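Sharing a structure below in structure tokens format, with a few things to ask.
Order as written gives the chain letters A, B and C; numbering starts at 1 within each chain.
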Amino acid sequence: MNGTARRVAVFLTCVAIASSAAAQDTNRNQDTNTNVERARAKTEAARRAAQAKAESAQRRSAARGRGQADISEAFSQTVRLVPGGTLDLLSGTGDVTVSGGGGQEARIEAIKRVRDTVAGRARTAINEVRIDVAERGGNVEVRTIQPRGPSRVTVEYRIRVPDNTNLILRSTSGNLHVQNMAGDELSANTISGRITLRDLTSRMLDLHSVMGDMLLHDIEARRAFVQSTSGNLEYAGRLLPTGRYQLQTHRGNIRFVPSGEPGFDLEAMTYSGDLRTDFVLKMPEPLARRQGRRPMKMLRGTVGNAGALVTASTFSGNVVIVKPE
Amino acid sequence: MRGAATPSSPAADLELAQRCGRGDPDAFEQLYRAHAGRLYTLIVRMVASAETAEDLLQEVFLTAYRKVGNFRGDSSLGTWLYRMAVNHCLDYLRGRQSKMARTTDSIDEDGMVEPAAVAPLVASAISRLDLERAIERLPDGCRTAFVLHDVEGFQHHEIATMLGISEGTSKSQVHKARMKLRAFLKGAMSAPPRALSAQAGRV
Amino acid sequence: MNCSTCQPLLSAYVDEAMRAEESAAVDEHLRGCAACRVVAQDLASIRVAGGSLEPLIPPAHVWHRIAAAAETQTRASGFHAGWFAWRPLAAVAMTAVLAAGLWRVGTLLQPAGDGDSTPQLADVVPAAESDPEAHYTLAIARLEEVTTADQDVLDQETAGAINAGLTVIDEAITESRAALRTEPQSESAQESLFAALRRKVALLQEMLALINEMRKGNQEGAARILSEINR
């Protein structure tokens, strides 16, 4: 055990040296956590510095205000997409809208837009914005390459695909909007964008955002995993008898609106928020006894003829389970 | 065998393996593009979870990346990867068994379902989705045998070797799986028993 | 032969894996038994349906994760591979024992042939089951080392957005931990903590994947420029 502890110390000393250019500390610290913490704090500081740099650069360019060059360029491409195929889109900044109703092809339209105080730079930048569309065995892959310069670049997409296309959509800060689809799988991932799904049937929904809200209306899914760190979540749709629905947010509120005559097992929890349900829950006994005087932070029970499984979990937000209007 | 990969010559396999072994990222991507689909298909059905399958697929490819330098061409690259995938699945399933008691084993042990009044199943009428869902509901042991035999097309003696069981056990596990699937598919009208929806576990 | 002795044989029967005498006996029973005939037909149909199941396609993001993890793994073994041949070896060597992001299924990499001087990672990292939080924390530290170093490949807006996201997640982690100190039994605080830790790992992995994409894109862009110059 002693030998292991010493090897741990050696290893972590190396990490400290590697991550800190000015490290003078060769102290053999036997506490794993402290050194990991230190490295992490170092990384966080570097990250905050980078973030501050980006923000001040943006403010500088905003301050120069008038005299901004603003160039747009349209893009359009149609490519074959087999029924049941997949559209895989990676975009950075700029909203993405995907709708069904297309024939056997993906019709991709986009608007590239560059803003810069220096017109010449904007013109160069817009030529460097690339939209790469590739067809692979009946599936379509779209990649957005944004140049690294000081110009502000957005690429906004409008895409039409066959109803039963599977979707993989990833963006950094663009909103993702999907409607009228009946594909098998839909996976959407964004950092600060909002995700909106409307009028959609799916076997598997897998949605993640960090700061964005998620609004899902008229959804019929077998499995849904909806997750945001600070965004609000709203899910309105029909529950399937063997469905599994999991909504998780840290800071946001959750609003769950099951339609029809739903039957489900519910587990709803919050740390510091409130819980409310319109539905009568048949609660397992031990939990009913435990409620006492403490405000309810956990709801577990069955609605109707159980079948579906619903988990709604938030840290500081509220959870409401309501009937449709 | 049904699940055979696109045929590739031994020379091509060896060359790709060596390039991967040298850390060539394009070679590694080529390896992935050529084999991931088939492995993923196998893994999803073996472990009955798409999320776990992604993790296991990742693990298989990263293990392959580490070990591909030792590939000597005794089998094809596809078979080499396939065996690795089967082993990873089995390890995962074995590891899981010790933590979670599967409640499904107590249900419907012999599955002699309904009388002759019920019409026979016609293969073309079995919905793919219903079957996939039914396969997910099978207990680990017989699901493994069913996937390898009926879906992937291995013979019982091959399955026996892969799983470390006797040929007789392989046959009875496949039979048990088919009988349970039959019960699930024919019982699809009624709501699933309580214990099964609890078994849905974490997504 | 009656139904209860016939039924267990029906799979072998429909697979035509029986000796002649046995299958003759089953034939005989089936001639007179509608119930077993239905079972036999069902088993055959299930076998056919199983064999016709379609191949599945792994989601595209899986490849990105694998590529990112493979890159981390390659760095860990001090490899001079094509992705980062231009990185100075010194900085990479010191992080030689940082392993691939295989934390999710609890498998860890043994660094390639560095002899006894290199600590084995399995000794250093607590097992996932006994201390999942430490496991995540270490995985996050590893990923941050790699991503912070190479952030400059990304354009400012992307890097800014990712960093803003990481800040939000970090706040969530801090709040959850504080809550757990007050109420160690709180299920929702535990859920929140692990959800935030998982999200952070996922975001860092995505960042790594984006860095790779940018690099590949830059290389392709650079190659295109070169080929035009040489024309």
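By our rule, a residue touches a chain if its C-beta (ideal position, glycine included) is under 8 Å from a C-beta of that chain, and two chains touch if they have at least 3 such contacts.
Worth saying up front: this structure is predicted, and the values here are computed from it rather than measured.
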Original post:
Compared with chain B, which chain's mean CA position is the farthest off?
Top reply: A
Original post:
Which chain pair is joined by more contacting C-beta pairs, A-C or A-B?
Top reply: A-C
Original post:
What is the identifier of the chain with the smallest separation between its Cα mean and the overall Cα mean?
Top reply: C
Original post:
For chain B and chain C, what's the span in angstrom between their mean Cα positions?
Top reply: 17
Original post:
Rounded to the nearest whole Å, what is the centre-to-centre distance of chain A and chain B, using the mean of the C-alpha atoms as each centre?
Top reply: 30
Original post:
How many Å are there between the centre of chain A and the centre of chain C, using C-alpha atoms for each centre?
Top reply: 19
**OP:** List, in ascending order, every residue of chain C touching at least 2 other chains.
**Re:** 57, 59
**OP:** Can you check the complex and tell me which residues of chain B touch chain C?
**Re:** 2, 22-26, 28-29, 32, 36-38, 40-41, 44-45, 53-59, 61-63, 65-66, 92, 112, 115-116, 118-123, 126, 128, 131-132, 135, 146, 150-151, 153, 156, 171-172, 174-175, 178-179, 181-182, 185-186
Original post:
Within the complex, which stretch of chain A touches chain B?
Top reply: 203-204, 223, 225, 241-242, 244, 246, 265, 305-309
Subject >> Parts of chain C lying in touch with chain B, wherever the complex brings them together >> reply: 7-8, 10-12, 17, 34-35, 37-39, 41-59, 62-63, 65-67, 69-71, 73-74, 79-83, 100, 102, 104-105, 107, 109, 112
**OP:** Mind listing the chain C positions that touch chain A in their complex?
**Re:** 57, 59-61, 91, 94-95, 97-98, 119-120, 123-124, 134, 137-138, 140-141, 144-145, 148, 151, 153-170, 172, 175-176, 179, 186-189, 191-192, 195-196, 199, 202-203, 206, 213-214, 217, 221
Original post:
For chain A, which residues are in contact with chain C within the complex?
Top reply: 4, 7-8, 10-11, 14-15, 17-19, 32-33, 36, 39-40, 43-44, 46-48, 50-51, 54-55, 57-58, 86, 88, 90, 92-93, 128, 130, 139, 141, 143, 145-150, 152-153, 168, 170, 172-173, 185, 187, 189, 191-192, 208, 210-211, 227, 229-230, 248, 250-251, 269-272, 297-298, 313-316
